[in-house]
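Two complexes, one shared chain (chain A), two partners (chain B, chain C).
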Partner chain A sequence: MNTLSRARRPAPRSEARGGLAARLREPTQVVFLALLALIALGWVLVALDGGQFLTMESVVGIQQRSAALGIVAIGQTLAILAGSLDLSVAYLISLTSLVAAEIMAGRDGNVLPAVAAVLGVSALVGLVNGLVITRLRVHAFIATLGVALIIKGVVDHLYDGPAGKVPESFQLLGYSRIGPIPVSAVLWAGVAVVAWFLLSRTRLGYRVYAVGGNEEVARLSGIRTGRAIVLTHVLCSVCAGIAGLLLASRLGAGAPTVGTDGGYDLESIAAVVLGGTALAGGKGGVSGTVGGVLLLAVLDTIFNQLEVNSFVKDVVRGVVIVVAVAVYARRIKGRSV
Partner chain B sequence: MKRTLPILAVLMVLLAAIAIANPHFLEPAGFLAFLKRAAPLVILAAGQYFVIVSGEFDLSVGSLVTAEVVIAARLIDGDGSATWPVIALLIVIGLLVGLVNGVVTTKLRVPSFIVTLGMLLILSGAVFLWTGGAPRGALSEGFRAFGRGGLGPVPWSVLILLAVGAAAIWLMRADFGKTLIATGDNERAAALSGVRVDRAKIIAFMLSGLAAAVAAILLGGFAGVSAQVGQGLEFSAITAVVLGGVVLGGGRGSVLAAMAGAFTLEALFTLLNLYGISGALEFTVQGVIIIAAVAAGAVHLPRMFTPRKGDAHAAS
Partner chain C sequence: MRGIGKSFLGVRVLSGIDLEVTAGEVHAVVGENGAGKSTLMKIICGVHPPDDGTVEIDGRPVSFGHPLDAQRSGIAIIYQEFNLLPERTVAENVFLGREPVRRGLVDRAAMEEATARLLDELGEDSFGPRDAVKRLSVAQQQVVEIVKALSVNARLVVMDEPSAALAEHEVELLYELIGRLRERGVAVVYISHRLREVFDLADRVTVLKDGALVTTVPISEVSSDELIRLMVGRDLGTYFPPRSSAIGEARLSLRRAGNHKLHDIDLELRAGEIVGLAGLQGSGRSELAKAIFGAEPFTTGEMTPSRPRSVREGVALGIGLVTEDRKAEGLALRQSVRDNALLVARAVGARSRDGVRDLLERVRLSPPRQEQEVRYLSGGNQQKVVLAKWMTMAPRVLLFDEPTRGVDVGAKAAIHDLMRELADDGMAIMMISSELPELIGMSDRMVVLRDGRIAGTLPAAPSEEAIMRLAAGEVA
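On to the complex of A and B.
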């Protein structure tokens, strides 16, 4: 499972000295320090440009921009921590946005069945992902890529464009806000808190770290590794389903390309890694991911306010991701040698 | 050789199925057209094989292909005399991108998944920043000849494919191939026995970049200039390599099997088209078959061959 970067990861010898909690906190501190530095830099740059950076509008924008990616990335964190990864989230988001909008069909009374159906569909997809990986022993990369293709085929076959209709009441989820805090950001925070609780306060969380750290050792210690991996995939897909609901409420309809246009598959993995979670699994946490997603959103906001070409954004984003991970790798190396 | 047998058998079955549905396929012209269509993916798969067998990933090849085609169109801009210098430049760019991927992966110790993902973003952003959002210019006839024309009845792309295939097989039989497989199998053991591990991996990335440049030259001629020409090719190439029985994580599988995997994927597309499963559902069938093929390999191989230490780990 951790073959993604098997040899890249030097032995964490500091484990013996620091406790589990101390070890997990470290990379997340880095990402929040980087976030603060970026906000300061953005404030200076925008001020030099003659604007004002942290207006009410931009703060709300940062939160709204990051909510959908944030929710997906939380799910992705669980999968990556268990030593797996999920490339099917983008297409699943498209699928669930369509399922939600089609079942709601503009009627308030259908909201609950639609939400239930979305959660059911996404849990099922996660179950398939997990079972293919654990029972059929297919590498997570190929398994979730295959499932992504299956969903893409079905969605593209049935839909050419936006379909269904989301009632006004459900659209409130996407746009309304309580003071400066959008409802979507509250939803994101809720998902993050649940995931944090699962990972740090329950047995499942402990098992996820163990399986991601070393699957064979976890198995020999009596952990049912397959079950932990399947569960993280179910949770990851459910998170993608929630993001699909959120995007459907923003668009007012379901769209077959909403997930891929947002690049949620690779972008969510990038956000998780930016947050200091090791791609090989077993190390990292939810708070780092929240920092990583916010970092990407603040970067976006700075570029928007400076009216920089959107292609520059892609270039800078690519550089930031690689540099951040290079810095993490250096820190780990520095400690272990 | 033993490991290439399953994928070759699957390929033969698929080719036979195509021949039954379309007898024209057995004529030289029909078969050569198939080879010509398959050439870019097979070349990409060969490049991707080097990276995967050394234990890494290259996700940047798709956007590298797009970038190369867009760069060629803008620089040539219909001017035939610019063809050869631009082709040389494309190859240098491909090698350079591979060099950067390899150096960042090995020297800065960033997982290749992230390095090449970053490179994907950088390449697609940079090239459209340069052209202002959409491809501009045009390719010369001389440039397009590689993807379209041929030497008599044999398309150039088939000849290039043969050359690339022969070179790849030769490389894997040479010392370089052995050190590369050793590196992918157990990096530390390889390093301790004197393999220059970092250098082997950097060369693997450069070969992948080179393969992307060659594939871009063929695709530019065959499919023309568009912003989507390379879309999804990285996943197709990785899928092809894995279909060929090469293990993600490195150290196992042959380059011949990887290329056979790419032919199989292309034959699958052809077959699906022939049987009228075109358009979107093609993806669904493709997804099911990929999972099934890899699952079959993972479930049965350990029984057929003696498992080695670390196999359970690599197959899951």
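On to the complex of A and C.
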């Protein structure tokens, strides 16, 4: 009787399918709620300060600021979902900005070859990252840190300041707008949509979740886990390359410190985690990361408008990230019976 | 498969195994814990390559380098431990690694439809293909595993203890399911400790013991008593120290104690006595030791002197646990013998008046070099260091979980002697071992667990048959 009633009891299907209430409990949704709350809070604070929040100018600013980090963070999401991570993105961004500007050398005709070269170089770096992790069995943290140092060495040896020149036409990528929307934001959205599509509609995406969720389970289910990890690293590095292109177009030149100045390595990881993706992998997604990046950008905007000292800014950002992850951990614990 | 052999790290776990399974046959594989069943299955499924021997399908030799190869040859396995991704849906798990694609994209609809159809075939309507696996009960997850194996259209399905997590009526479903597989001409290899299931389902049974083949017989030609004898029959030639004569007062007693894995445990551990704890894998032996110790505490019932809620409280009561996996749970491998021996003393304060040197001598560590990193010691010496670690606090109760696993014969005898010595000094000892002869040789009393409950208690020197009968449950 007991077993019978247990088996026949309908599973909590509505909850699993996600009524609105249940969906809001997922970390990826929580981040958007937090984003809304933060915007409201910012509005009040800035208004009290006598300013105007979310003017056209600041919205465009948020989008602009977010685009480069957003693109890197999308790539980072892929690596982290597969149970890996990439610390080499910041130096790779510097490198690719230089590659782009040097090849373009101010000429319109060189834009396409330069873009191709950047994508090629970054794919190669991703391939190296992936192979070192899967074949040499070096932990992703160390493998990508090592690759980062190698890139740094090469860049520092060859350059000690901005170099190359980006033609006017390519600078449009960084600055022009379509109505209120900057082209760079469109590029970011494009990358996000592609990544979302990849994760939710292709076999590769399914494999990424499987490998990150439990590599042994994936292997025993017949997945070639190494391949999936290498591919996510290639994609992650290509995203960093695209960010490098974007930054080069903003600067009008390549710069050996553009990646590290932006702190794209740790910041991208922070955005991913803030977006509810598990650092251990297998859980989360692109939409959360977009929310995480926007959250950081709105936070920035509020601080800028209130003209808060930048040390306070870092303290608050640190607190936000830690609190967010603690909240997600509680939710997960509370749910598992 | 013919002449299959396999060694791990120089330890031979399988040798010269022949196994032949024909289409439409249910072939049971039985044997004690550690007989090599799971290893054999992993070779069939391409997880481990065999060191020698060949695997043939339809008379053609095959070699699997990756589980994918075995899958492509029509072999599916249902592992004892679940191989599911809790964060993904049922359908995503079922088609993991084999997602149907249409125009390059994963065809979710087809995937979910196929999963729904298979669930329907099994009469399972308590959950659907889109439910997240983490929300399912253990039994429901088992059904997902079975659906996963079915969806491969396998010609050979290996089931490793598939009923372990199922309730009675779900086992019925499993029977029906296997019947249907048989009708379709699928071969089934069925590994189970439960002899009743073997007799209900199997056409033939293969018995393994200590990594070697004992025999393969049609089920109709063997009785359950004979089968048990085939599984355990061996000489009890080894020497064990003499049993205790003076059993003192109770050091620890449990009344109707339980937690999520254990139920209604009544047990008394007395000074000077070694209590053997027998049971099959998953019967709750290690869980019982951990509960007494406070690592996975009891939540109900009574324990005297008191019920520890944490390891710290357990240790404060004078309880020590020599864990099953000494490398992961017993020792800090990269630290010295001395540091390891002092782990407990540094955490809770030493109670023994003996210095580390005396203790190491007492456990007969040879050579007694204190500065050596523990990872370079042999298994036997490592275990002695674990013992020394507990002796620093002069425990009243010492629990041993597989104390001689991976230990050579000489060190084994030394550990046995030491255990008896500690008991004679007035310690209460509980010992878990999957090696029945060891357990029989050492115990003054034997407690047999089944499904988290005490199935029975036997006096000193019981027969292996008696233990197995209690552990496996009565054969109908």
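We take it that the second predicted complex is superposed on the first by the 311 of 337 C-alpha atoms of A that agree within 3 Å, B and C clash if a C-alpha of one lies under 4 Å from a C-alpha of the other, contacts with A are read in each partner's own complex, and residues count from 1 in each chain.
Everything below uses one rule, namely that a contact is a pair of C-beta atoms (placed from the backbone, for glycine too) under 8 Å apart; a residue touches a chain by one contact, two chains touch by 3 or more.
Since the structure is predicted, the reported quantities are computational estimates derived from the model, not experimental observations.
Undergrad: Scan A:283 for contacts with chain B and chain C and give back first, second, both or neither.
TA: So A:283 only meets chain C here.
Undergrad: Would you sort A:132 into first (chain B), second (chain C), both or neither based on which partner it touches?
TA: first
Undergrad: Just chain B (first), just chain C (second), both, or neither: which does A:220 touch?
TA: Touch partner of A:220: chain C, not chain B.
Undergrad: Tell me the contact category for A:329 with respect to chain B and chain C: first, second, both or neither.
TA: Only chain B is touched by A:329; chain C is not.
Undergrad: Under the stated touch criterion, name the partner, chain B or chain C, that contacts more residues in chain A.
TA: Partner touching more chain A residues in the overlay: B.
Undergrad: With both complexes superposed on chain A, which partner does A:108 reach: first (chain B), second (chain C), both or neither?
TA: A:108: touches no partner chain.
Undergrad: Counting only touches as set out at the top, which of chain B and chain C does A:203 meet: first, second, both, neither?
TA: second
Undergrad: Is A:152 touching anything from chain B or chain C once the two structures are fitted on A? First, second, both or neither.
TA: A:152 sits against chain B, while chain C stays out of touch.
Undergrad: Residues of chain A that sit at the chain B interface in one complex and at the chain C interface in the other, please.
TA: The answer is residues 3-4, 6-8, 10, 216 of chain A.
Undergrad: Using the touch rule from the top, collect the residues of chain A that touch chain C in their complex.
TA: 3-4, 6-13, 15-17, 201-203, 205-207, 209-210, 213-214, 216-224, 282-283, 335-336
Undergrad: In the complex, go through chain A and note every residue touching chain B.
TA: Contact set of chain A toward chain B: 1, 3-8, 10, 132-134, 136-139, 141-143, 145-150, 152-157, 215-216, 266, 269-270, 273, 279-280, 309, 311-315, 317-319, 321-322, 325-326, 329-330, 333.
Undergrad: Which chain C residues qualify as touching chain A in the complex?
TA: 47, 66-68, 71, 77, 79, 83-89, 92, 96-99, 101, 104-106, 125-128, 130-132, 134-137, 139-140, 167-170
Undergrad: Would you mind writing out the residues of chain B in touch with chain A in their complex?
TA: Spelled out, the residues of chain B in touch with chain A are 55, 57, 59, 104-105, 108-115, 117-122, 124-126, 128-129, 133, 187-188, 235, 238-239, 242, 248-250, 279-288, 290-291, 294-295, 298-299, 312-316.
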